[in-house]
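Chain lettering (A, B and C) follows the sequence in which the chains are written, and residue indices restart at 1 in each chain.
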Amino acid sequence: MANPILKIRNLTTRFFTEEGQVNAVESVSFDVEDGEIFGIVGESGSGKSVTALSVIDLIESPGRVTEGEIWYRNEALAEEFRGSRPAAVDGDFVDVRQLPEGVRRSLRGPSFSMVFQDPMSSFNPSLTVGEQIAEAVEVQRRARSNPRSTRSRTQGYGLGSLIADTLLPSQSYVSEESMERAVELLDQVGIPDPEDRADEYPHQFSGGMLQRAMIAQALAGEPDILVADEPTTALDVTIQAQILNLLRDLQEREGMSILMITHDLGVIARMCDRVGVMYAGEIVERGPLGEIFDAPVHPYTQGLLGSIPDVDDPSTRLEPISGNVPSLIDSEMPDACYFADRCPKAMNDCLTRIPEYELDGRHSVRCVLAEREYDPTEAIDSEVLADD
Amino acid sequence: MSLSRFLIKRSLQGLFVIWGVITVVFGLRFISPGDPANVLLPPDVDPEVRAQVIAELGLNEPLYVQYWEFISGIPFGDLGLSLVTRTPVASRVVTKLPATLELAIAATIVAVIIAIPLGVVSATRRHEPADYGATVFSLVGISTPNFWLGVMLILVLAVQLNLFPTSQRPIGIDGILLLVLDGDLGAAADGLGTWLWHITLPAITLGTYFTALITRLTRSGMLDQLGRTYVRASRAKGLPETLVRYKHVLRNTLIPVITVIGLQLGTLIGGAVITEAVFAWPGLGTLIINSINARDWPVLQGSLIVVAVGFVLVNILVDALYAYVNPQVAYD
Amino acid sequence: MISERTIRNLRRELNRSFLAKIGIAVVVLIVAMAIFAPFISPYSPGQQNLENARQPPLGFSTKETKEVTKMDNGSVVIEDGQVVTETQTVYTNASVAHPLGTDGNGRDILSRIIYGARTSILVGLFGTSLAALIGVLVGLSAGFYRGRVDDLLMRGADIMLAFPSLVLAIALVGVWGQAQAPIPDPFVVSGIAPAFRSAIGLSTGMPDTIVLPGTVIVVVALVNWVWFARVARGEALSIREEEYVKAARALGASDGRTVLRHVLPNAITPILVLATIQVAAIILLESALSFLGFSGADVSWGFDIALGRQYQSTAWWISTMPGLAIVVTVIGLNLVGDWLRDALDPGIEGEGGV
């Protein structure tokens, strides 16, 4: 039986902007199991990147995770908080959201880490790549040598440290050992001449090489879960395959789990064990890769799969989903299935909010068609709905 | 391009600008109405005496000879003679230089020490009282003419409350150093106290605009950097917030701020001129104003050359520091 | 030239920013004050009244002790062959007639501030326009022709930048003298303002000319054009590479026409933003020149601050009031500049100042 490392329950993230409240992530639940790659696929604006950032606790103002639990399996943490925060502990799992701020931060690196879409903007342009990776190593090294209670004092860094760090190599935040480890990591992700390249600046790297370096940086803390947010979108097609292979190899070698966020069904098909389809901030269908691809239930999943060309049968016409990605502004969201206005099979039943139906233990879907057949006599004109 | 080649290139550019500055200052002579002889001599002077003076000043030589005379002495510190006192311009400028330099440096130090932490606090505590305070301060600071600020400081702190002297510079850093060299440490300490007491108001006067400007630049630069993806990536890899803020964000913010500080040094010297006028501070500014009032053109020309060349040299220095802190500029 | 999108951005940013509204209100107020000075000024700025000298502003009074000759029944008291003196305390109270007080010669400070606005605004506007004209011409040619023209013009700009603007301005005004051009004040010459004033019972005899400080305008333009040249050059360099500009040139449009039709309209936004900031910088520069006595203007905020210094122990308001006028005006202009910059995002930083 599969063993989850991460159980996300009813995760809800909202942005409080001048234009109104934006419901970017709406009651999302899924599990990530040991050593698997779980994919989240959706159009841009479906909330998949915000989901990734919510999991790793990097939502910034004006956004906030307003509800939900992030259960993370970690025996040591569970033991530590069993007495002081019983509500945050369940067996070997802790709810990350209920842990103190400092503890949550300390999870970034050794528990969760992240690979971003655009490597060029995800590295600081004015520090060498090697130093930035070494920082990630160093912060874990210092964390191991200091108990958490004294950490804030030993990790202080202020204006004086900046001046010393900039002008005197001996005062650098990163140690020699961390630099050496950074070079090792660069070597592991397949960067040739890692020693020389560690001393180069991000703009001296190609996009593909820099994304490898970003992966090396994410591996520095030996994370349990790697969140990869569109890791190949900014890259050339030929490079994309190399990066995906690298991620797959590393995942197998390190035995970590990957949460893969992408809009590209090809990436999902190639990489993932299980997949969740996101639409308008919700996971509308979730299950093992084979079931989702072979027997999709939700009309949105069907449409998404219909909009990619079939190599075996080039004669089939592509069916793009009509209509636009919906607004996520709270006041404009209908009290109905969010997909109803674009759905070719919308019925009267779709005019209320739809719960998640479990088809079997591993496949669930947020659509009335899980329980009943499509009946054309009950169809509503989706065009009319869209005009509301 | 390597760092040293970058610096050589930058220095050559600087030399060209210095040459241009000297040439422009030389040209100043030709846009002034009337010739210098009229300044020196009464209008009803004997034409023979007049011709003699003109010959002595070299004003009847061909233009290129005059230009060569003017420019050839400068590398050796020869800036000509004052029309009024007939003493070398260079020595007059050099005796006035320390007063201006110590004023400008004091103002810069005060500005940097106050402005950078203020800008950081303002950017990291957005929409809190500290941020509003810093924003209002920097808006008022860049909008206040410094001579008026000086007049107001004298009015309140010197005249009404009698906390500071209204003017004068009884002793300078150069004088204090001489006392130290003489081994008279007691007198040197007294001198330092006197110096601090006298320089406080002029330094605040000169430094306020600068403080406000750097606060503003630091705040907006930091807000810009805080929104970048690399900040999020740094947090994702588990760096403590202080490390993200200072080592990454502030460092990247200060790189352009340093350039602006370099560019604004001209403004600082301009401000020093008028601050000196307010506080009767015996520096280069006072010399420039007096030389204009006395129509003593060589002194004015010499002062302009020293100011502009100083500005160019400081900017080369700033660029070198910039290239050291941020080596990627040398590669672009 | 100004697209609908630009106007929409301006309006949105204005609705969002309280400070921008204050800035616009201040600038409109000061400009209106300058234009309508002969209507609203309580007195002529030069009208002296030595009886009434150093009257404090509303809300304040002064107490002065002085030695006076002792008088008894209208005759001087003499004791031991000496004229006897006594100390007398003199109170001076504020009056509504002079809400901001009077200066050392009994001139009304409010009137001088209202007329001083004219000097500041005139120098600010004309100086900035001239600087923009020179700078944009130089910058557009440098950016459009690139190569040697560019090198030459931009090295020239570097040389200009090596001189601190105030120092260069002092030197140029010092060398050139202080030419001023009196131009007739249309409101006074046409008789509208005097008629209005007598109708509402204000004193007449307002100055019938506006003094245009010619040298100062030329000098502030000469020391500030470089900023415009830099911005215009940058815009020209980037716009030159746009496809439609290449197409226009390929179709045989003349250089002048290409620059006027395509390059200039695109460069206008950053130049406008820079101009707003430069008006503030030039007003500060003018006040500094006047303070030092180099501008030749006798009704100017900077000049009045200098005049007030000799009374700093007895009449603080003479220096204080015109300075406040400068600060308020420059804050207003900076707020408008911030608003334009935030709304139009031209990618430039403010430069200049005293």
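One rule holds in what follows: contacts are C-beta pairs under 8 Å (C-beta built on N, C-alpha and C of every residue); 3 or more make two chains touch, one makes a residue touch a chain.
Which protein is which chain? UniProt says A = Nickel import system ATP-binding protein NikD; B, C = ABC transporter permease subunit.
Given the structure is predicted, the values throughout are model-derived calculations rather than measurements.
Novice: Quick check for you: compute each chain's CA centroid and the global CA centroid, then name the chain with the smallest gap between them.
Specialist: B
Novice: Which chain pair is joined by more contacting C-beta pairs, B-C or A-B?
Specialist: Spelling it out, more C-beta pairs touch across B-C than across the other pair.
Novice: Give, as an integer number of Å, the spacing between the C-alpha centres of chain C and chain A.
Specialist: 57
Novice: Provide the C-alpha centroid distance between chain A and chain B, rounded to the nearest whole angstrom.
Specialist: It comes to 53 Å between the two C-alpha centres.
Novice: At what distance in angstrom does the C-alpha mean of chain C lie from that of chain B?
Specialist: Taking the mean C-alpha position of each chain, the two centres sit 24 Å apart.
Novice: Please output the residues of chain C touching chain B within their complex, sorted ascending.
Specialist: Going by the criterion above, the answer is residues 155-156, 158-159, 161-168, 170-172, 174-177, 280, 284, 287-288, 291-292, 294, 302, 305, 308-309, 312-313, 316, 319-320, 323, 326-327, 330-331, 334-335, 349, 351-354.
Novice: Using the touch definition from the top, list the residues of chain B that touch chain C in their complex.
Specialist: Listed in rising order, the residues of chain B that touch chain C are 13, 16-18, 20-21, 24, 28, 31-33, 139-140, 142-148, 151-152, 154-155, 159-160, 209, 213, 217, 260, 263, 266-271, 273-274, 277, 285, 288-289, 292-293, 297, 300, 304, 307-309, 311-312.
Novice: Which of the residues in chain B end up touching chain A in this complex?
Specialist: 116-117, 120, 228-230, 232-243, 246-248, 250-252, 255, 325-328, 331
Novice: What residues on chain A touch chain B, complex-wise?
Specialist: My answer: residues 53, 56, 58, 60, 105-110, 112-114, 116, 118, 121-127, 132, 135-136, 139-140, 143, 152, 155-159, 161-162, 165-166, 173, 201, 203-204, 214, 217-218, 220-221.
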